[in-house]
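These are the structures, in structure tokens.
Paired with chain B in one complex and with chain C in the other, chain A is shared by the two complexes that follow.
Take a look at the complex of A and B:
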């Protein structure tokens, strides 16, 4: 065992501990805190694996926004009953299942050598003797309009996937809106829906929000040449909005406002518009003209960032009077 | 291919416009717009079908103009063009029902149904494992949101559905990651040329199969379906049972008929076929015992999907091209028949004011059209000639009866037929009980009843174009 392996082992063990803790913590708040910590460890692991894009997204969405969401949900739940001595009826059988699965898996690996080879044998991942996908990406990168391969894959080579993912986000919001049918019964005044925040929190929020906006803008700009891009930037902007809303510095975001709805669908609408325009006037569905590719990607990313930011913040802090149509 | 892309993008565009318009568009106008959208998409799908029939082979398109392996590939096969048409038709029909019959739907139904239509079209056209994952996710989330449209009583089934659907998606994604790690490709056509039956491939395929079976509610992973489908609004139940569960089946079929190595498929095939047989009997028995009409229809979906799974399992075992035809004829016949069953059940529930099967006493007299539609569609589910269900069952039975060692499978089909007949005739028998009529609460809604009858007549009409359908599906459907 080399010294280099130590951080990985520590992180891996920590991850399992956090997961265990989040599942079996005695109180709700302990479980939520451990879940947020779990998200942070996952982000660290992604960074360690050389995937800074994923690390950023995980830290912002997995740990940050999901943490807020859990706290908000916990606030609305009835006080929790004591869970000490609660029996876990499936615990024994699921442990047995786990052990059996692991044993079967180990037996497979011992008897079949292809599993061990898969990670090492690079010729296996070649397309019928052709170049591998990373090689193809590198070769096609100059024509993609950006210089960072991850962004090129997300917004050019596999742009159709990204477009559908934007729709997934929209759908999540539409799904949440179904929980608040009709118009609200008691429209509240335009004040914070949370209790009055501490003065320290207020001043921190005032200080942090511009920084977060700046950082989000930087990440978006950086996406063309390095780790960053629309999802990360959108998540950061959303976290700024969530913070301001929770401290009462931002008025409620209302679904009934046309401008808000336009911002929410802007990313997907622009993407679909580009696809249709390229089908009608260009060389085919989502074929960008080479000289315009860079500019198109920036515009789409900008629109997508705004949509993602607003959608995520609505998902986290939207309450019945905000979301009802 | 252009027509296919048009047929795909019209509903997506319309969904975005509906979302943007919000309350500015009255509910009725939103409905009319969604119906017109589906109609336009239907026309585009028809031209697309003509294109494929003229070309007589699958058309491939690399999105973005990038090379194979780098780009996402779309494929327009005869089967996918037929499914495009089928999905568009179902949306038009159910849209008209939801918009103009007495059943009211909320405004968001129209947005969701447009997204559902678009994501199904994207699914039928995709030939890329990761792209299929995203369409699957879209499909699942739309379905959950649509179940939640029914209000508070549907929240619990909807949230169960959401959690199971997410777990299933993650299973599928894990398999996709394993496949990509092993072969460095996500393209279905390219993967089909290079897969080998080693441990990684085996684990990946099994994990994906488990996820997709959970999504498609194939036995024994079907327990979420009856609650979710029975609690949704009537129009939504028809869409869910008729279309949504067919998406995962399409991916499952793609995986095992194209991606999986043949020897692995032959090993797993019998297991799926036996599971299908058990689904037929177990689902049928549950339907027979269910006290509620909609739950009965939902359990019948579980049972009927057993035929599809049996056809898939036998396709894998025997590698007979005929089984492709059987599988897809089942899917289309079941989709049409199930639309009728749910619409008729919904209409009878509202008119008679009861959810119970026993409340249908005298329904032949009080709601004759809906009851007739129910019985006619039920006939196709049982497989009475000359319905679409009979056509599919005949194609499935032919190779079974041709050699004596296959007769046990035929016995399974026979058993399934008997159980289907039992639960359909249970409803029909009660409805003829004119001695103790359950009087209707309101006058029957004419339009709703006749709309319910339409797909039932179409499924019987499938026999008229049966020869053409079989030729079209076997002439390059794979």
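Take a look at the complex of A and C:
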């Protein structure tokens, strides 16, 4: 154990404390606040582990939007039936089991020779003596249209994942919309809610929202050559929309508007279009022609950013006014 | 102990902590948080494994970015189902038309509610 591990040990201790608090804090609000704090610690750990993309995404999604979601849901729920006060019969034995399992895992990792020399051993990713997957990514990077490997993987080499992920977002939104059928009964109930927000909050929201939009645009542009990309940009735009909507500065995002519905499906639609076109005229499903790859990736990212931003905002703050058709 | 080993153990610990809470608590919000913690533990293990080489493995990072977005959409949907179920339990309709006035409260109301 060296001095270099000190930050990791501090972060790890914080992580475990926050996780424990998020699960067993006395009140539900404490648990939620600690879960948001857990998200912040996780974002710090991603930064420490050399994954700035993940740190950005986690800070916006895991720490920000999830917190809003939980608070939003909690105030609609009845008070919690006592959880921590009740005696759990198996609590002690299951805790013992937990600690033992973790200790066994730790013992295995600490003694297994393949984990001993981190940074040198790559045998797990080497397939039958061929090049490792990261080596293949590095080799194919010049033909991918972007110069940052994570973006290249997301939007070129494994574009399938990203397309299906956009469809998962759509699926979640469709599921949420099932709970809000028909026309809203109070079409103007929400528009007058802005005076209730604190003045400080209002001015902060007015100050932060343009900055968030600017930052989102920067991350989208930056994604081609460095950490950033469609998800981080979409999450930032969504958080700007959520903030403005919560303070009443933004009118309801109406599902009945054609433009909104188009934006929601734009990303998936464009992705499918590119996939079909590359299947019909190119080398196969989602195999971009090399000279067009850069332009295609930028267009897809732009559409995906807008779709992700609108879908996430609707998922997080959509009420019957926003979601009913 | 290296950083890799530390983070692998941490990931497993967070996963098990989440699993434990999922099995032991009854409040649906806490169980949802528990599932999210289990996901975070898995992500931690994946990113730790990605860091075995330098520069880190971009494929695993991309998978975790995808996983984060899928996790939040699943969480959002689950929370809507939880609130709908709570409405049914309290005798209201699952469809929140009547409840929309309650739902349109602003942040200041939430702060009032949460104040002890």
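As a working rule, the second predicted complex is superposed on the first by the 282 of 325 C-alpha atoms of A that agree within 3 Å, B and C clash if a C-alpha of one lies under 4 Å from a C-alpha of the other, contacts with A are read in each partner's own complex, and residues count from 1 in each chain.
We take it that a contact is a pair of C-beta atoms (placed from the backbone, for glycine too) under 8 Å apart; a residue touches a chain by one contact, two chains touch by 3 or more.
Source: prediction; values computed, not measured.
> Just from the overlay, do chain B and chain C fit on chain A, or is there a clash?
Aligned on chain A, chain C fits beside chain B.
> Just to be sure I read the superposition right, which of the two partners does A:38 touch: chain B = first, chain C = second, or both, or neither?
A:38 contacts chain C only, not chain B.
> Have a look at where A:75 lands relative to chain B and chain C in the superposition and call it first, second, both or neither.
A:75: touches chain C, not chain B.
> If you stack the two complexes on chain A, which partner ends up touching A:165: first (chain B), second (chain C), both, or neither?
both
> With the two structures laid over each other on chain A, which partner does A:198 touch: chain B (first), chain C (second), both, or neither?
After superposing on A, A:198 lies in contact with chain C but is clear of chain B.
> Between chain B and chain C, point out the one touching more chain A residues.
Ranking chain B and chain C by residues of chain A touched puts C first.
> One more residue to check, A:9. First (chain B), second (chain C), both or neither?
In the superposed model, A:9 contacts chain C only, not chain B.
> Looking at the overlay, what does A:22 touch: chain B (first), chain C (second), both, or neither?
A:22: touches chain C, not chain B.
> Chain B and chain C, closest CA-CA distance after overlay, in Å?
5
> Could you pull out which residues of chain A sit against chain B in one structure and against chain C in the other?
109, 115, 118-119, 124-125, 132-133, 137, 157-158, 161, 165, 168, 171-172, 175, 179, 181.
> Would you tell me which residues of chain C are touching chain A in their complex?
It is residues 1-10, 12-14, 16-21, 23-27, 29-30, 33-34, 36-37, 40, 43-44, 47-59, 61-66, 68-70, 72-77, 79-84, 86-87, 89-90, 94-110, 113-114 of chain C that touch chain A.
> Please output the residues of chain A touching chain C within their complex, sorted ascending.
1, 4-5, 8-9, 12, 15-16, 19-20, 22-24, 28-29, 31-32, 35, 38, 42, 45-46, 49-51, 53-54, 57-58, 61-62, 65-66, 69-78, 80-81, 83, 88, 90-91, 94-95, 98, 101-102, 105-106, 109-110, 115-116, 118-119, 121-122, 124-125, 132-134, 137, 149-150, 152-154, 157-158, 161-162, 165, 168-169, 171-173, 175-176, 179-182, 184-186, 189-190, 193-194, 196-198, 201, 229, 231, 235, 246-248, 308, 311-312, 315-316, 319-321
> Name, in rising order, each residue of chain A that touches chain B in their complex.
Against chain B, chain A makes touches at 108-109, 112, 114-115, 118-119, 124-128, 130, 132-133, 136-137, 140, 156-161, 164-165, 167-168, 170-172, 174-175, 177-179, 181, 255-256, 258, 261-262, 264-265, 268-269, 272, 275-276, 279, 283-288, 325.
> Would you pull the chain B residues touching chain A in the complex into a rising list?
Chain B reaches chain A through residues 2, 5, 9, 12-13, 16, 19-20, 22-24, 61, 63-72, 106-108, 111-112, 115, 118-119, 122, 130-131, 134-135, 137-138, 141-142, 144-145, 148-149, 151, 155, 181-185, 190, 193-194, 196, 198-200, 203.
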